[in-house]
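Both complexes below contain subunit A, partnered by subunit B and then by subunit C.
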Partner chain A sequence: MLSGRSFILRKILRYCVIILIVITLNFLIPRVMPGDPLINVLGEDAALADPALIAKLELKYGLDSSLWDQYLDYIGALFQFDLGYSIDKSSQVSELISENMCNTLLLILPALAISSAVSLLTGSWCGLHRGKFLDRLMTPASIIIYCMPTFMLAMIALSTFAFHLQWFPLGHQSSSGLSGLKAFFDTLYHLALPITVLTIIGISGKHLVLRNSVMQIADEDFILVARSKGYNEETIVKRHVLRNVLPPFIAMVALNVGLLVEGAVIIEIIFSLNGMGTLLYDAVMYRDYPLIQGCFLVLTFTVLISNLVADILYGLADPRIRDSARCSEEIR
Partner chain B sequence: MAVIAILVAALLISVSITAFYVVNDGADENDDGTGAVEELIVGTTNIVSNINIADYYFGVMAGQLTHQSLIKMNSTTGSFEGCLADSWYTLDSKVWVFNITSDAEWSDGYPVTAEDVEFSFEYRSEHIPGYSTSYSMVENVDVQNGNQVVITLNIVDSNFLTTLLVLRAIPQHIFENVTDPATYNDKNATIGCGPYIFDYFDSSSGEVSFVANENYRDGAPNVGRITYVMYKNQDAMVMALKIGEIDATYIYASGISYYYVAGLVNYDDIEVETFDYIGVPMVLWFNEEITPYNNQSFREAVSYCINYNEVLNLMAAGYGSVPNAGFVPTGTYGYIDTRTLSQNLTLAAQILDEAGFLDVDNDGYRENVDGSELTIELLTRTDLSTYSQLAQLVKGYMGKIGLNVEVSVIDRTTFGTIMDETKEFEMAITGTTPWGMMSYAGYGSTYIDDRSYGWTGTADENYTNLVDQLMAATTSTEMLDLAAQIQEYYASELPVIALYWGCIIQPHNVDYTGFSVDALYGIMSYETFYNLADSG
Partner chain C sequence: MNGSVLSVRDLRVNFQTNGSKVSALNGVDLDLAQGESLALAGESGSGKSVLAFAVLRLLDDVADVEGKILFEGEDVYQMAHGRLLDIRGKGICLVPQSPGTAFDPLRKVGVQISDFIRKVEQIDAADARSRSITEMDRLGLRPVKDTYENYPHRMSGGMLERSLIACATATSSRLVIADEPTKGLDRRTKDIALSALLSTAENGALMMITHDLTSAKRCERTAIMYCGELVEIGPSESVIEDSVHPYTKGLIRSMPERGMTPIPRRVRSDPGGGCRFYSRCNEASEKCLFHPDLRMMRGREVRCWNVDA
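Showing the complex of A and B:
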């Protein structure tokens, strides 16, 4: 019989294979895209560039060798934790990513935490109390927000709260020249609106899924049996409803990590913030191969780690999942 | 649950209110009541990544404020004036001699020398990829008599002074030991000799700030500090202008979109100015290396099928003008009137008929002269939505005269690769920049002459001879005569068709008067810094 440790080890092994595939795709996809990264390095005069200059730049950025050699160099560098040098931004990719990842985490972690907590509560409550005031308010509102493009919601928020009411700044992460407590509150003040927008978007999707899951579970026979046994509502919700609802919810939160980073590009543009979204967008636009590879690699790791954590949490949330994994291993 | 939601909302609001008061308790006014401008805050969508000399938009700001060339352009007259050079001369437009001024200083107190200028050419050409290409005509730079810089070109180039406008001299004593300027983000990298000194760059607040150089040789400018605030979208920038967070907007070689004008004119404290744009915002390009785009009749027919008034109204809300066949926009030195472009579908169809482009198989679309199928690929880029909208419009116009067009929309880098490297396109839509129109022999020649960017691949001797003569012109009379001839060539041969001529829409706060506009940097001109005053 497999122990919990081997269950986790098997998961880790599977993720290692996925990472290798992702690394290879990260390398290949930018290179099969049309467009020459040196076009942007040379600027307006690219058409007149001397072939010797182009050869020099190709050598500098490692674009002169065969695709296979470039791939081997890339893999070799990864083993030394070297993500390369950005063609467009003239910086180490790792420095650019760490700088921008911090900004993105400041934005998405609070949004993820608040939206998960709020949607868990509202989704469960509305699923159990269909047709009540909060359900009639939250569910249509969630559908409207979920269907609304991110840029539209962000622009409405910016226009209403930053421009017309002037409660919040029109963008940026902080003011210049502040330190200590002032800097802390200033950052909070600047990020409150974009975080709120991301949180509202996060709540809308998760609330709907959770509400529908709870509704389905609440109609199941085993809930009826629990009620007939005389359990009180709190016990039924905690032991039977939430246990069944949590695995898909955890999966959704895990997937949300990647989607939030991706979705943050719109928020970053509208609120003039720096972060992984715009870094990746620029990298793709300028065909900055090392930066594209680095960003995708880090995003892949982020999503894989959150999925790994989710996989582990499934087992904790619902022991049947862990047991079924053990059984299938035994059969094999 | 409702209680929790209300609590979260209350928490956010209370944090914001607390933060607002904590952050704004030191807000001050920007008026010292003397007419001088203490600080000009300029919103921009040009994003600076770092403060090294290889950063494109920091370079633009440096060119306006901290770094100088041998000459500069007077924003009022459009003529060249001495800057780091007191005077200059050339006998043959090939060897240029500049006498370096004796009173120019770097902002760290060192004098600007002829050796610094020589070093700037060599260093930038060696380390900044685009520079070596822009200055590929420079064969040699020497210092003579202590204060003279002698620049020898490998071609005759009467337009060399225009090319010199974007040289930004750098101090040798700072950069001689810097091997990779693209990673040199030290404050020393910003040392220049212009009327301003770099103060700080803060990517979190999106600010780049410069203070007046009190020791500048022409005296300190009237604007004490210039701070650029970077926005990643025009909407937020225009909102900031409306609520007075910024004093003006600025986008290099462009203005704000016409879309915002209607909203801005309702604000009493904002003035919206328009001025001639010497680039062409939207141009239809033909690849003359391919049939039938090398056929003048085909191009002429296309020129008659487009509804230019509709294009102007739909793409720019009328901010601009219907172009002439001569391509070069009004406001350009040496502009002449040529045929105003207009739609005449009957004439367009007649020209195609006479040239042999007939609908042989009666499918509603014309075939090539040799009877083969003619499907035209019209290439455009995704980074401006108006380009793809315009491409669809042009497809419709060409369809009216029986030309089958397929629109292909690609991203900017792929578009650049095709136009600059592979040249594998048939027709394309994109704009030209003011700098592009001025460079090479001027009058848009760099885009057309096959020996330069050559997007149209024009190798017609009639044209290349005109360009050569323009490069070799030694008097302004000769230059104006050749400028007229080149515009007449465009009007008759139509290697390109301007779809409309634009204007730059420049809003600013009415609190200040005295904005001057120069061809290269718009309102961020040398004259603005000295003439801008608080209107009280």
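Showing the complex of A and C:
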């Protein structure tokens, strides 16, 4: 019998392979694209004007060696957390990303936590009380919001609550020149609207999945059997319904991380916030290849790590998944 | 009624589906005395399982239930909710059909049995555990320690069926209603399971729903159900070995060891006002256009015009 630890180890190994593939694609795609990074910086004329300068710069950026050597250099650099040097922003890519990642996490983490908690409550309540007022309100609203593009929801919120009602600022992370508790509340004031939009998006998807999962589980045979055994509804809901809804909920939260990362990119641009979204937007606009590469790598990592965590929790929450992973391993 | 464990009076159950009414039970009267075991047989869809659910009052949300069900003299449909929860499990223990879906897939089977024993008998966790291990061992679920720790999806249908039986035989409920408890069991384990179930009748009574007339014979009485009505009920020996109702005779003839001749035609969805078995009966006469009542005849009750004392 295979222990839980080797189940987790095998998962981690599989993710390492995925990461290697991601790194390779990240390296290859910019180099397959037409154009030359140095021409982009120096302008079309430079190549004709001064071949010596080009050669010097090629040496500096390591572009003179073969693709394979460059690849090995890139991976070697990655192991030292060296993501290269941004051509446009004249700064270390890793520094730029770590600064901006903090801002993005400031958006995503509260949104993820609040939306998970709220949808767990509303989803299971509505699943158990089909057709009640809250269900008839939440469920269609969730469908509408789930179908709406992020930018549209963000624009509606911005124009209603910031522009017309003037309850919230139109953009930016914070006012400058504040410190301590004041700075905290100022940031909260600035981020309240974008976090709310992101939270609502997060709730909509998870609410629907949870409601349907709870409905499905409540109709299962073992719930009726538990009832025939004289357990009260509270015990049945806690011990059987909520416990069984945990695996799909975990999967849903993990999928949500991807959705929220994507949403945050768009919301940062609309609310003029500093973060991974605006960084990536600039990088693409100015064809800053090392920065594009770095941003994509970090965002992919975020999603992958959340998936890995979900995979592990999923297996811990459901013995059937643990077993099926083991079976497929044995067949192989 | 003295010594009566279960008493069912004129029980009618109707399901509402898309505006049309489907009648599942059509005036069932049944009595189970202290120490008695009753087998309930009949084709699929005759209402056997519905009767079991109705006794536990589990159909409130899905069907209209009329009539009276008295458990030890108490009306199940009049009692307070708390009392009902007490009777479910502790007073009446159901061994449900479909063992594959009757257990929570995320909890260990042994733990689910222990939890139930603990709730019903109000004993501590260690006692409940050792009692369920003893019972699982008695029912041949070996190696018992491994089986205890197993999840439902790792166990076969027969193992799960016996685990369900263990819930009933490890507790001392007054009435055990077992819905096809011998399904998927081989001869030897079937014997063990039947003996364990029959021994529960000593605490009160046993009602065993079954398609297996050989198992039914081990109960004191047998009731044959057709289209939501009892058509023949009496001592198992006479009902099975010397059946008088044409439907019972048909059931016996369809057993593999008795010729394996199926009853002709299918159950009519609308049986009309006369005898419900009329369209399939090979002994039908014009009297059968009227609905027959149960009559005492040759030591059992029969619902047929054409049987003479």
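One rule holds in what follows: the second predicted complex is superposed on the first by the 281 of 332 C-alpha atoms of A that agree within 3 Å, B and C clash if a C-alpha of one lies under 4 Å from a C-alpha of the other, contacts with A are read in each partner's own complex, and residues count from 1 in each chain.
As a working rule, a contact is a pair of C-beta atoms (placed from the backbone, for glycine too) under 8 Å apart; a residue touches a chain by one contact, two chains touch by 3 or more.
Being a predicted model, the structure only gives us computed values, none of them experimental.
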Inset, instruction - For A:318, decide between first (touching subunit B), second (touching subunit C), both and neither. - result: second
Inset, instruction - In the overlay, work out which of subunit B or subunit C sits against more residues of subunit A. - result: B
Inset, instruction - Mind working out whether A:162 is in touch with subunit B, subunit C, both or neither, as first, second, both or neither? - result: first
Inset, instruction - Could you say whether A:94 touches subunit B, subunit C, both of them, or neither, answering first, second, both or neither? - result: neither
Inset, instruction - Answer with first, second, both or neither: which of subunit B and subunit C does A:285 touch in the superposed model? - result: first
Inset, instruction - Figure out whether A:70 sits in contact with subunit B (first) or subunit C (second), or with both, or with neither. - result: neither
Inset, instruction - For A:212, select first, second, both or neither according to whether it touches subunit B, subunit C, the two together, or no partner. - result: neither
Inset, instruction - Based on the superposed arrangement, let me know which partner A:150 touches: subunit B (first), subunit C (second), both, or neither? - result: neither
Legend entry - Common interface residues of subunit A - those touching subunit B in one complex and subunit C in the other: none
Legend entry - Of all residues in subunit C, those that touch subunit A in their complex: 53, 56, 58, 84-90, 93-94, 96, 98, 101-107, 116, 119-120, 151, 153-154, 167
Legend entry - Sites on subunit B touched by subunit A in the complex: 1-2, 4-5, 8, 12-13, 15-20, 22-23, 49-50, 52, 54, 56, 129-130, 132-134, 136, 180, 182-183, 200, 202-207, 209, 229-233, 235-236, 239-240, 242-243, 245, 383, 410-414, 416-417, 419-421, 433, 435-436, 452-455
Inset, instruction - Please name which positions on subunit A make contact with subunit B in the complex. - result: 33-37, 39-50, 53, 57, 89-91, 114, 118, 121-122, 125-126, 134, 155, 158-159, 162-163, 166-168, 170-178, 181-182, 185-186, 188-189, 192, 196, 268-274, 278, 285-287
Legend entry - Touch list for subunit A against partner subunit C, complex: 220-222, 224-232, 239-240, 243-244, 317-320, 323
